[in-house]
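Below, chain A partners chain B and then partners chain C, in two separate complexes.
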Partner chain A sequence: MADVRLEHVVKRFGSVEAVKDLSLRIPDGTFTVLVGPSGCGKTTTLRLIAGLETVTSGRIFIGDQDVTHLEPKDRNVAMVFQNYALYPHLSVWENIAFGLLARKVPKPEIERRVQRAAAMLGIQHLLDRKPRQLSGGQQQRVAIGRAIVREPNVFLFDEPLSNLDAKLRVEMRTELLKLHRDLGTTAIYVTHDQEEAMTMGDRIVVMAQGEIQQQGTPREVYFHPRNRFVAEFIGSPTMNMIPGTLAQGVFRAPELSLPLAADVAREEGQAVVLGVRPEDVQLPQVLPPERRTPSIAATVEVVELLGSRAIVALRVGERELKAVIEERHLEQIREGESIEVAFDRTRLHLFDALSGARLP
Partner chain B sequence: MMGHRLRRWITEVGVLGILLVALVTVLFPYFWILLVSLKPVDLVSRPDVWLFSPSALNWEEVLLRSDVPRYLANSVLVGLATVALALVTGAPAAYAFSRFNTGGGPARFAILAAEMMPPAVLIVPLFLLMYRLALLDTPLAVIAAHSTFIIPVVTWFLIGFFDEVPRELEEQAMVDGYTRFQAFYKVVLPTVRPGLAAAAIFGFVLSWNDMFYALILSGGKNKTLPVAIAGYWTFRGIEMGKMSVAILIAIVPVLVASFFVQRRLVKGLGGGAVKF
Partner chain C sequence: MVTRHSRFPLAHRMLVPLGVVLLAVLIYPLLFSAWISLHDYELTALQDVRFVGLRHYIALQGDGSFWNAMGNTLVFVFGAVALETLLGFGLALLLHRPNRYRDFFRAILLTPMFITPIAVGLMFRFLLNQQLGVIPYLLGKLGIQIDFFGPGLALYSIILIDVWQWTPFMLLLLLAGLESLPAAPFEAARVDGASAWFTLRKVTLPLLKPVLLVALIIRGLDAFKIFEYIYAITRGGPGESTETILYHIYKVGFRFFRLGEAAAKAYVLIAITLLLVALLYRAMRTAEERR
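On to the complex of A and B.
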């Protein structure tokens, strides 16, 4: 087990800078998720840690060892790929044992580890099969088993669940987390799915355009996004963004104006963007009086019922706002009618209109 | 209802009829050669005679009292050696083209340049080269000549198979503790086995059927089978009976091989082995 450190890592492919001066420390034993849109450099970062790509500059450490120039085989990491990458000509047993054979682990020890991993994953009965005789979920388990038996310093996961159907994906998430808890090995997990990142990560690293936008716990990233990109990327439905200006502690936009708490007063007339998460747009009576903003008139456009909650599309002036409303409040909300809504004033986010940075 | 079934019946009979014509067209020459090889000497030049009591004389002559078995062995030797050489050099080359795009896109096709040239262009330099090396009239000369076009063809053929292998497979092996070369021969090569088999058979047939290089570089004591077959065209006329026997000996392995190459090709290109 070991922590992983990247120091000023740069990776260029020709003229494209996939990873820009990235420094990151992944603490020992954590489950860290790298998340971002495609092309943000998250997979490249993972491949750099695995040694499948070489850094253009910078250093990578696993534990106390500088692995920057080591071959993948000498880094003692295990990786699970999106397409599982099972060896099609080998049986499940051989697939799982393959890495141990490379390391000349004694035969009885191999047998013991393979059996234990198979038991953990519930695939003992599949050991004699070939990969093509397995379902997607079973192949996934074999790929994970192959990583477990290696007892590596670090697990690397490259979108391992994206090829599974929705139900199985949610099941495997839980199972992976359980495994991580039992094994305690440092895990780095790459996904483009912000929900997966939120539910799985001890820590989340949000990336865009080869740079880290924010790192922290899921709560920190969700409730205190450092910039507009993180605010919009994390959370579903997306955070509502209302451009306007700040003057004398009042936020003004064409469709609404809101007095803000005194401590968010900024320089006069600054162009800002107000961010409100859909669940913080509510019927006024739902929010405690000390937390709600003055009411805003809105027209209900569409109500999408999800079950216990509904996503309500509202129109406020020229702007569309999304609200997530609990089902029991829905009777007051009908498509086409006008209602009053309020924001939770303790959960408003202000961003600089130009830089996108959070205004504290 | 009836009309529909009748129409289907007619279609099927029509298709069968066309297949039958094709089959007869393809098989009739072989059949005819087989007949000639069994005809008594006095009937060999009488194509109109269909009924006769078969004679094994031609077969005895060729198999027991001629050098044809040795020429057959030469052909096998040349074919196997060429194919072995082509696989040992062609598989890594194809892998390099597929993974590292060695030499850029055009290089993939440039390697076929020798194949596109008329063999006559290459034969004079090859002849002089073999003369200098004192390899004329040896199987080695033919192996070298065949390699000039079979290695590129096998390489080119294999590139597609390597392209089909997901990169993650060898990356997984490298993370698992193997070097790139180990990953290549422990994981990638077994995965493209159907392709290797097809390429091998394909290359073998190319070598087996060649007469031009074999005749000029090794037309004396160390003939290959095609040259030996042509040798039955003598100044006294064509020895049709014996020639037919030799032709059949030359054809059967190719027929069997094409059967396998076809099955392997379908398997290799249709997925199943590579895709999962």
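On to the complex of A and C.
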């Protein structure tokens, strides 16, 4: 077990800077998710920690050891790859035991560890099969088994669930988390799927363009996004963004104006963007009076029923807003009709229009 | 007119030129050679061609020269192809690694392949010649006396010449094979702590097996046709020690003019080659099925 630290890590591929001066501490035993759009540097960061790429500058520590210039095999990390990276010609048993065979671990010990990992993953009955005889989910378990038997200091996961179908993906998420709780090993998990990041991570690190945008618990990142990028990247449907100006504590946009709490008052006439999550756009009577903003007139364009909730596309002036409305309030909402909505004033986000930074 | 057209659809009529060409250059020679292999067909006695049945084939049993040539060919094929595979694979592994001069080395290493074999034969005939050759001269300076085309060594010298020319071919195929392998299993092996040797044995070779087998088949078949070096350098000598099967058939047919006998020998060669191909092909199929 060990924490992982990156200090001012830079990675360049030719003239492209994939990771820019990245400093990060991943506490011992946590399940940390690196999330971001493709090309944000999250996978490169993981590969730097694994040692599959070498840093251009900066240092990497695992526990107390400086591993910056160590080979992957000397870092005591185990990695699970997106496409599983199983050896097609070896049996499941040999695949799981590969790392132990390579390290010349005594045979009885290998057998013990393989059996234990197979039991944890429920694949004891598959040990004699070849990878091609397994389903995607089973192959992924084998890949995880190969990592577990190594008993590493750190688990590295590179989008391990993205090749699985939706249902299996959700199942495997739970299983991975259970496994993490049982083993307690530090885990670093890379995904582009913000929902996966939210549900799995103790801590989330949101990355874009080689830089960390925000790190924190899923709650922190969701409810207090540090900038416009994080606000729009995390959460589905995406947060509504309304550009406007602030003057005398009032937010003004062409389609609406809202008095804001006094403490968000900023310099006069500042260009800002108001962010409202779709679930915070509600029928006025649903929100407690002290939390709702004045009502806004809107036209209902499309209602997409998801089951217990619906995503409602509204038009306010020239702007489209998304709202997530509970199914039991839907009877008052018909496509093409005008309704009144209000925002939850305790959950409004303001960002500087130029820098995108959150205004407190 | 209409009925005639419908009886021979356009597609069939368009195949006719191909059929004619195949008939002229493939089927007719094959049938003709089969026919003469059953006759006492000699270029010097074309007015007296008699049917002899399977006599040419049966006579092969006691034909020491034929089996000697076959043995020489097998030694040559196995020796040359094995060396070329080993060297080619080793070079492919070296060139596969990122290296600043990679393209330069690739270009240099491939050049022997682009020289016509007869020229290679002539080149080495002079380079290795005991009186005139620069290589025996330099070795002599070091106190080493080797007669490259002497009775014991000639066949092995020919093998080395073939290795010089055709290792690049193996290199090319195996390098392409290596580059087509997925990167992930190798990265997994690196993280898992596998040594280079362990990775080579447990990952690289098994994954490369289908490519290796195809390379072996292509190179093996080609090596069977060894003719130019023998023709240019030793003409089968000393004695019959470098006489390979194709050179032997050539000699019987075009130097001794016994075309009937030569045709029978060529048919036996085809049968043996087909058998070898079938065996290798089966090995390849099972290798692919196991993937």
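Methods note: the second predicted complex is superposed on the first by the 360 of 360 C-alpha atoms of A that agree within 3 Å, B and C clash if a C-alpha of one lies under 4 Å from a C-alpha of the other, contacts with A are read in each partner's own complex, and residues count from 1 in each chain.
Note that a contact is a pair of C-beta atoms (placed from the backbone, for glycine too) under 8 Å apart; a residue touches a chain by one contact, two chains touch by 3 or more.
Everything numeric in this text was worked out from a predicted model, so none of it was measured.
Because the two structures share chain A, they can be overlaid on it, and in that overlay chain B clashes with chain C. Contacts of A:78 after superposition: both chain B and chain C are touched.
Residue contacts after overlaying the shared chain place A:41 against neither chain B nor chain C. Touch criterion met: A:88 reaches chain B and chain C at once. Once the two complexes are overlaid on the shared chain, A:210 sits clear of chain B and of chain C alike. By the touch criterion stated above, A:218 is placed in contact with neither chain B nor chain C.
In the superposed model, A:139 makes contact with chain B only, not with chain C.
Legend: residue contacts after superposition of the two complexes on their common chain; A:278 is shown touching neither chain B nor chain C. The contact surfaces that chain B and chain C form on chain A in the two complexes overlap at residues 50-52, 71-73, 77-79, 81-89, 98-99, 102-103, 132, 146, 150.
Those residues of chain B lying in contact with chain A across their complex are 166, 168-169, 171-179, 182, 187, 190-191, 193, 272-274, 276. On the chain A side of its complex with chain C, the touching residues are 50-52, 71-73, 77-79, 81-90, 98-99, 101-103, 130, 132, 146, 150. The touching residues of chain A, counted against chain B in their complex, run 50-52, 71-73, 75, 77-79, 81-89, 98-99, 102-103, 131-132, 139, 146, 150, 156. Residues 182, 184-185, 187-195, 198, 202-203, 206-207, 209, 290-291 of chain C are the ones touching chain A in the complex.
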